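Chain IDs A, B, C and D follow the sequence of writing; residue 1 opens each chain.
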Amino acid sequence: MAHSEVEPHLIEDHYPLQSHIGFKMTGWDRDYARFELPLEPFLMNRYGIPHGGVYAVLLDTVMGYCGCYTGDPKEKTLAMTLSMNTNFLSRPTGEFLIGEASRIGGGKRTFFAEGTIHDENGTLVATGSGTFRYRSA
Amino acid sequence: MAHSEVEPHLIEDHYPLQSHIGFKMTGWDRDYARFELPLEPFLMNRYGIPHGGVYAVLLDTVMGYCGCYTGDPKEKTLAMTLSMNTNFLSRPTGEFLIGEASRIGGGKRTFFAEGTIHDENGTLVATGSGTFRYRSA
Amino acid sequence: MAHSEVEPHLIEDHYPLQSHIGFKMTGWDRDYARFELPLEPFLMNRYGIPHGGVYAVLLDTVMGYCGCYTGDPKEKTLAMTLSMNTNFLSRPTGEFLIGEASRIGGGKRTFFAEGTIHDENGTLVATGSGTFRYRSA
Amino acid sequence: MAHSEVEPHLIEDHYPLQSHIGFKMTGWDRDYARFELPLEPFLMNRYGIPHGGVYAVLLDTVMGYCGCYTGDPKEKTLAMTLSMNTNFLSRPTGEFLIGEASRIGGGKRTFFAEGTIHDENGTLVATGSGTFRYRSA
């Protein structure tokens, strides 16, 4: 499954949590988004592995964006997460995480998304699904 | 519902993500845990409100700890999150978040937890539930 | 927590699945609903215990109704489930299930609910949460 | 994605809820299961469409079976659902439901599954994910 890289003019300025955690958009298209996150030491939990909440941050981000693509940076679509489910399958063996999500249903008021997190070795680390509500800008 | 504050000798050293996000334990007892998180600017999303993943970080933390109380810092119980569900009810009006969780079931191998996040004004911001697996130390 | 029993004029005719499974409303008030379900033999799975889906049927029902109370049988509020999470804590020791749910948040377009299932012995069998969308009649 | 039909000698006797609701296995292989369910009138809710719990029954069934394939009817693997998440995307336009699930992770004690429900027209009606615990026979 090949996806276009995100066009440079669509990249938004990093918002505060994004800079703080360090994920960045690497793909955005209709009903699809991808972000990557280097596994910096500050993301680790008491066991020395990534905190489960880190996966949730990444999944919430990619799932939210995947339903908001417009292709026009002046015309933004915004969405709020209503609920999100996360499954924690394994721990990563690599050095960064790749989060991808697809919009799988919904209409003008709400949408459904599914997401996955792999590391660069192809290990499936976590999966998620969520319901989102569109909001006015 | 009154809960004992956490006894000082049970407070663990902050792990990396904990220091990076800024939450700290304020209550820990059998089947119960509470953490608080000041809403610093670096937690905000592209809308200027806390990123949904921040609630997930806090819920995963309190739910995980609530099933791992032993009362003895030398005898640690550890757990891994299997799955977690988060519901995003409203945005906080206050300046910090209070996450609380209770272990509501399970046995020696797995446990179930429920958690809530309020702000200091009593606004219910998010709820969560999760399944956890005990692991050896 | 004492709740008013449901007033007789609010009881709706049983719909097909309700008759087929056998649950009936035993409480309905603002932001609250309760249904009961006798554990008939036809609800059992390959292990001879209630099929997990039976708990989901009951939780979806009580959570949906808890957000739709109007007190006026001529003025119906209707809702569709967007997503639902179910946790399976233990198996019942009694002869019927009691499902209860509360609306815990939301607005005019969507709502959030939480539900529990106990048996008549007080055993907590399952919990759930869900997001719902109001629809026009 | 073509899957082998289920081999006749692996088909188990219908258990009570299975007969009562009417779903039947139409595919079973390593890490995969498929069941079908005719949309009989007794499955409908107060709106005349399938009750959300019906999708949960089907998803719980296919997800549970997908992790329990052995290929040998004398050597059964059994599993209990720990938690399940269900998303309700649209209503079916056809006359029966096709539930499919895949085991996507886990080990000897627990497993993770994902499932979908389509109708025979290809409409994606619901999705789900779940965590399961293996049990001894």
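What we mean here is this: a contact is a pair of C-beta atoms (placed from the backbone, for glycine too) under 8 Å apart; a residue touches a chain by one contact, two chains touch by 3 or more.
In this text, all values refer to a predicted model and were calculated from it rather than measured experimentally.
Engineer: With touch defined as above, tell me whether chain A and chain B contact each other through largely the same residue numbers, more than half shared, or through different ones.
Structural biologist: same
Engineer: In angstrom, rounded to a whole number, how far apart do the mean CA points of chain B and chain D lie?
Structural biologist: So the centre of chain B lies 33 Å away from the centre of chain D.
Engineer: Report, in whole Å, the distance between the mean C-alpha point of chain A and the mean C-alpha point of chain B.
Structural biologist: 22
Engineer: With chain centres defined as C-alpha means, what is the inter-centre distance between chain A and chain D in Å?
Structural biologist: The computed centroid separation for chain A versus chain D comes out at 28 Å.
Engineer: If you look at chain A, which of its residues touch at least two other chains?
Structural biologist: Correct list: 82-83, 85, 87, 112, 129, 131.
Engineer: What graph shape do the protein chains here make by touch: line, ring, star, complete or other?
Structural biologist: Topology of touching chains reads as complete, every chain touching all others.
Engineer: Which positions of chain D touch chain B when the two form their complex?
Structural biologist: Where chain D meets chain B, its residues are 82-83, 85, 109-110, 112, 129-131, 133.
Engineer: Within their complex, state which residues of chain B touch chain A.
Structural biologist: By the definition above, chain B touches chain A via 12, 15-20, 41-47, 51-54, 56-61, 64, 78, 80-88.
Engineer: Note which residues of chain A are touching chain D in the complex, please.
Structural biologist: Interface residues on chain A, with respect to chain D: 85, 87, 89-90, 104-106, 112, 114, 124, 127, 129, 131.
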